[in-house]
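Take a look at the structure below.
Letters A, B and C mark the chains in the order given here, with residues in each chain numbered from 1 onward.
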Amino acid sequence: MNIEKIKEFITTIPVNKVCARDLMAFEKTPRNNILAVVIFSFLAMLVVGVAIYLGQGHHAYNVTREHPWGLLIAVYIFFVVSSTGLCIVGSLGDVFGFKDYELISKRAIFGSIVTILAGFTVIAFEIGHPITMMIYNIASPGLTSAIWWMGTLYGLYLTFMVIEFIFLLKHDMKMARYFGLTGLLVGLAAHSNLGSVFGFLNARPISNGVFYPTYFILTAFITGIFIAFILMGFRYKLDFSEKVKTMLTGLAKIQALLISILIFFVTWKMLTDIYGGMPNRAEVAIHILGSWTFWAEVILAMVIPLYLILKDMGKSHVILFWASMSGMVGIFFMRYNLVHDTQLKPLQMLKTREYQVAPEWIHYFPSSTEIMISLGGLGLCMAMYYVGTKVFNLDEDTKEVK
Amino acid sequence: MARYGMALDYKNCINCKACEVACKEENGVLLGADKHRIWVGVKEIEGEYPLLDIVSSTFMPSQCQHCDDAPCEMVCPTHATYYDDNNVVRVDVDKCILCSYCMNACPYDARYVDDRTMTVDKCTFCSDTRLERGEVTTACQNTCPTKVRTFGDLDDPDSEISELLRTREHFSLKANLGTKPKLFYLT
Amino acid sequence: MQVEVSRRKFLQGSVAMSIVGGSSIGVTNLLASHNEKESKTSITTKTGTGEAKEIATLCEMCVNKCAALARVEDGIVTKLNPNPRFPKSKNMLCPRGNAGIQALYDPDRLKHPMIRVGKKGEGEFKKVSWEEAYEAILNGTDKFTGMNKILDEEKDNRSSFLFCAGEGMAEHTFKQFYSAFGSANWLNHASLCLQTVISGYGVTLGGYPQADLDNAEYVIMAGANRAEAIVTPDTMDIFKRTKRRGAKLICIDPRFTNTAAKADKWLAINPGTDLAFVLALTYVVITEELYDKKYVEENVAGFDKYKVNILDNKYTPEWAEKITNIKAKEIYKIAREFMAHAPKAVYYPGRRSTFSNNDFQLRRAMAIFQGISGGVDTKGGLVFGKKLKLSPHASLVPLYDRAQARAVNKVERTKGQVGYSDCAVVSGGGSWVGWRNRYLENKMPYNVRGMFIYKHNPMMNMPNTQKTAQMLEKMELVVAIDTMPSDTVMYADVVLPECTYLERTDPVKTFGGVEPSIAQRNKVLDPMFETKPVMEILRGLTEKISKPIFDITKKYDEEVQSEIKDSSEEEVYAEFDLTKPFEHSQEEVNEHMVKGLYGEEAVEALKKHGVFYPDMDKYFKQVSANEHQYYPQKKKYYSVNGGKAKTESKKVECYLPNLAKKCVDPMPMWHDEYNFNVPNGKFRLLTGRHAQFTQSGTSNNAVLRDLMPENYLWINRRVAEKKHIKFGDMIEISSSVGKTRIKAYPTEKIAPNQLFFVHGFGEESESLTWAYKNGGNDNAVIEDIIEPVYGASSMHETNVEIRKV
């Protein structure tokens, strides 16, 4: 009987029947054509990158003993932060009941699903043994490990997000709210655990402490809003209706506040890092200040968006669409910096070979395979989203609650 | 059942690296400069020729510290890193998923990836080779020309290492992190 | 497990293939194919926990001969462990000793006999059978002349063949071939190595002593680098015990070595000026009357003359300061401290190559300085120790009437005395460089046309590589016996592959010292591929050539002809039968050498433990995890000669009139030409050893290369900065004899006007996967300067220029 019910539940999910031809039947504008080419080439890169990885294993990556986490970890974080952020944005409407934001809820929740799937895809090729992971994650859980909690919670989170999305499709706003709230809480827990993966690192003074777990939630919200602008921009081809404009202006105002808090956070992190009386940490912080990727993060993700929002309190929506693009590039650098800066300082500062310069800073630049898999992840994310827009109705439903 | 540790009379070290080769040959550690379980760290001397500061030039043998409170063990999501019966920090190759978290968490750079199994590898105090055969020393101790190392059971008050630690001043690396290493540097 | 399969495959004759790619992968990885070096990577093998054999052997990764136990599992050597029973090496094995396993499984090993088919030096060979190789030696091929023709044309002058060998336990076996063959031209490593040390101490103290570093309280280590040029038990004693006990170590070296890093004091001395330092120490000791007066009176000969020499020449510390760059007050202090600790004070004799032209006199001065402290043949000083006897075994030294004396030119030297053109004294090992250069200049008293080379790499080990190549090209028949396709092997006409030390039993050897013992290298594995121990190689060779070349003797040697007339050809041939020394197996010979003196027990102990000395079972015990007792304290041989020197007069010899006759200073004195001098813009090139490599012999060892991939040029950091040279920049070093290229290592450990790099790298043999063109070759630039007494090569007399490339 239960099975019958489940069957019925599933078959009644409203979907559009689409075939491959429908997917290719997009308007052949230059913009769309370019996007299609980009998505296809990114997907091709994913295939090539994965093929190389399967052939050579971790040798295909530039990760080393001193820098075991590379670009793929950063990209994974990028995706899961995006997911958490979209989940927060989506929850504004359907969980917290801010009516203005309901029109993006479904789209954002769907976005959070595709981004985390992309994240999982990327991390599957970073973890040396994903199958072993699934077995021993359950058979031999390491409860003291932030990675275990993060991974497990994200797994649950994905489940809740999918269920929430289904209820949203079915217009069951009550159930959607329950699952949405649970999903949000689990997602926030997962996400702060991801921050704690770094925060628990006793060996790395630059990352150790409470900063990352809290900062991750903040930056997730910021990321979510950036993506919301981008999603809406594409949805309405930068030609927004008044209703959408109202929402976007609201989001922009929240964003201005969040970015201001972020700048405040980062400033104090830097100040305490440098003047906190820990020479080891201060040295790393000063080194970070000298790296261009840090300034890319600050300018692209903080200065430009904040300036453009504050200019007319979030009323130039088209400009803010582009500012959000800049913001996402900045957010990428933010993730990359987080991973790289954690590992910047060698744990072992002595020469281990006679003819060698004593290790000072660890250098890392991603290999072509890492870059291909990362872009592939982005391509996959975009492709899944595109398919989603065809299969599901991601727009706000007209008021016909059952 | 023992609690194995090692005392290093590190000032005797002449940086010949016999221990490194012995370790690689005994335990089948891969070749490659970054594939080492143990190593000797060298600090380039300070000063200007000929006024060099002799004490600034140190040779520091190092490896996994087999911490009593090991960060690597704590962060492992699958308990692949574990304490064996002799309190030696070991890695279970079957459970390791190569998330590399332990490599980042270890404050001593003691871990690296074994390319054959694609899992994290580290010093085992020769547990699965010499100790399993019933020998009482590690390969590095045995071969050392200047006899830097003394390996033994810290729980046995009559062991040579216990005696050494009672009678000689010593320190641990990065003791401030509270990892409680079982490697002791004799001064 | 996979690894072990690879080693097993190697045993079957195929190359050990890598299962591991490179570890550093760049952005270009996508397109990079694994290069040959990586795919040929040899590998380490994890030891197992199952059944294993342990066979006692002696290491041959350098000349020191430490005792090792080879762990053999399923026919594969999985580990070399130190053998605790050997008093000399006291349960230690250095990195090279541990890496011996890689010498055994080196994929580049010589695997079968070969004869040259291409141009000389190009390394183009044809694989042949042993019989074909022997045949080629005897009768030649279309590419090279055979022994028969050479001896016939030279009318049985056996000295038309040169024999040379590197140091090793089986050198003795090869030398028996040389003796039986009847040549007078023997050259070995001595003149490229420790000739002047051995001789300087030999003529002054009557023998080359050991230093009792275990008990010494004050040690001057000048120009010796025991932390990197490992010698047992010295390295163990000086660094393990001496400092812990509070003994003081003074290190004198132009560069800051690892020994300096462990010393209480390091004094940077100008290269080649140690003699001035010792003379000044002696000056202080004499003027302040700090020496052991009683000892000098009884046991030192010619002291008064020496005293006059020192005082009259005013070898004051202030004088020495200008020459050596060591502060006068340091010299005063060291002289006083040394004598305060005497006789438990050691001026460490060292054991290294000749560095400067005054090296022989330096050694004499050091020995005399030690002598007047009274620290000779005594605990804590220099000791002679005891040597356990071995029974002699039969050897064959036929008399060839036609064989000429050693190819040296006697010339009229000043003061109307007869000497040699190369040097004052001709030693058993000869002057390699002197001999080579005269050979190239056609200044030989007769033709030398062929040469046998055993475990020796003159292309790498002798200054002026170019000339060595010319010499090898000029030789009509070059036979090389070796384990590796070295640069020298590339110039051979016939290559005979020897097995490695782990695949053979070598002549049993006695090791004298405070704790004397006898040790034996036992065969661990049967020889792989078609390789053989040198004993068997020579057995096969002599079986082939003995008769035919006796026929040549018969043809030209009137003595032999008349002897045959008097008796029978068979009887006469018996005296010339070259196969005789190689009749018995090495195992049989060894048994014979110990059984008579020490009984069956010794034979068994040597097979089982690799070591024997009387009462070993009673004395030997483990004292702690890191220490063993070999002899009880009271049984050690600190003093064997009543505290006296071992010279004929039983006195330390300050003044040697015989040297004066040969125009050599009869006692150590300074000459202005000894002053250290580097023209502006040039650098003095220094060379030396490293703990991870033994000259060129280990340059292809994959595990050692792991520790030090190549040699680097030490250049003073400030000088490098001025010349915009950064770490890793490629530098071309050039001198009057040649050039070499090497990467830079700017460091403060060397003086601004000096350069240093480790010897033994930069081989040109393409058959060496890892050593080929890896790093710089010092001998390509070191000039062929020889010191005047023994004609030993002076390694530190070359000034060079550098250029960033």
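Here is the rule we go by: contacts are C-beta pairs under 8 Å (C-beta built on N, C-alpha and C of every residue); 3 or more make two chains touch, one makes a residue touch a chain.
All values reported here derive from a predicted model rather than from experimental measurement.
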item: Pair sharing more residue contacts (C-beta pairs) when A-C is set against B-C; value: B-C
item: Chain occupying the most central position, where position means C-alpha average; value: B
item: Centroid distance [mean C-alpha coordinates] between subunit B and subunit A, Å; value: 39
item: Distance from the mean Cα position of subunit C to that of subunit A, given in whole angstrom; value: 65
item: Where subunit B and subunit C are represented by their mean Cα positions, the distance between them in whole Å; value: 35
item: Multi-partner residues of subunit C (each touching 2 or more other chains); value: 21-23, 707, 709
item: Multi-partner residues of subunit A (at least 2 other chains); value: 59, 64, 353-354
item: Overlap residues in subunit B, where contacts from two or more other chains coincide; value: 15, 33-35, 44, 115
item: In the complex, subunit B residues that touch subunit A; value: 15, 33-36, 39-44, 58, 60, 62, 71, 74-80, 94-101, 103-109, 111-113, 115, 118-119, 177-179
item: Subunit B to subunit C touching residues, read off their complex; value: 9, 11-12, 14-18, 20-22, 24-35, 44-50, 52, 54, 57, 59, 115-116, 128-130, 132-133, 136-137, 139, 141-147, 149-152, 160
item: Contact set on subunit C toward subunit B in their complex; value: 2-3, 19-23, 41-49, 78-82, 91-95, 97-99, 101, 227-228, 230, 232, 235-236, 239-240, 243-244, 256, 258-263, 265-268, 325, 624-627, 691-692, 702-704, 706-707, 709, 716, 718, 747-752
item: Subunit A partner contacts - residues on subunit C that touch it in the complex; value: 21-30, 707-712, 727, 743, 745
item: Subunit C contact footprint on subunit A (complex, rising order); value: 52, 56, 59-62, 64, 353-355, 357, 365-369
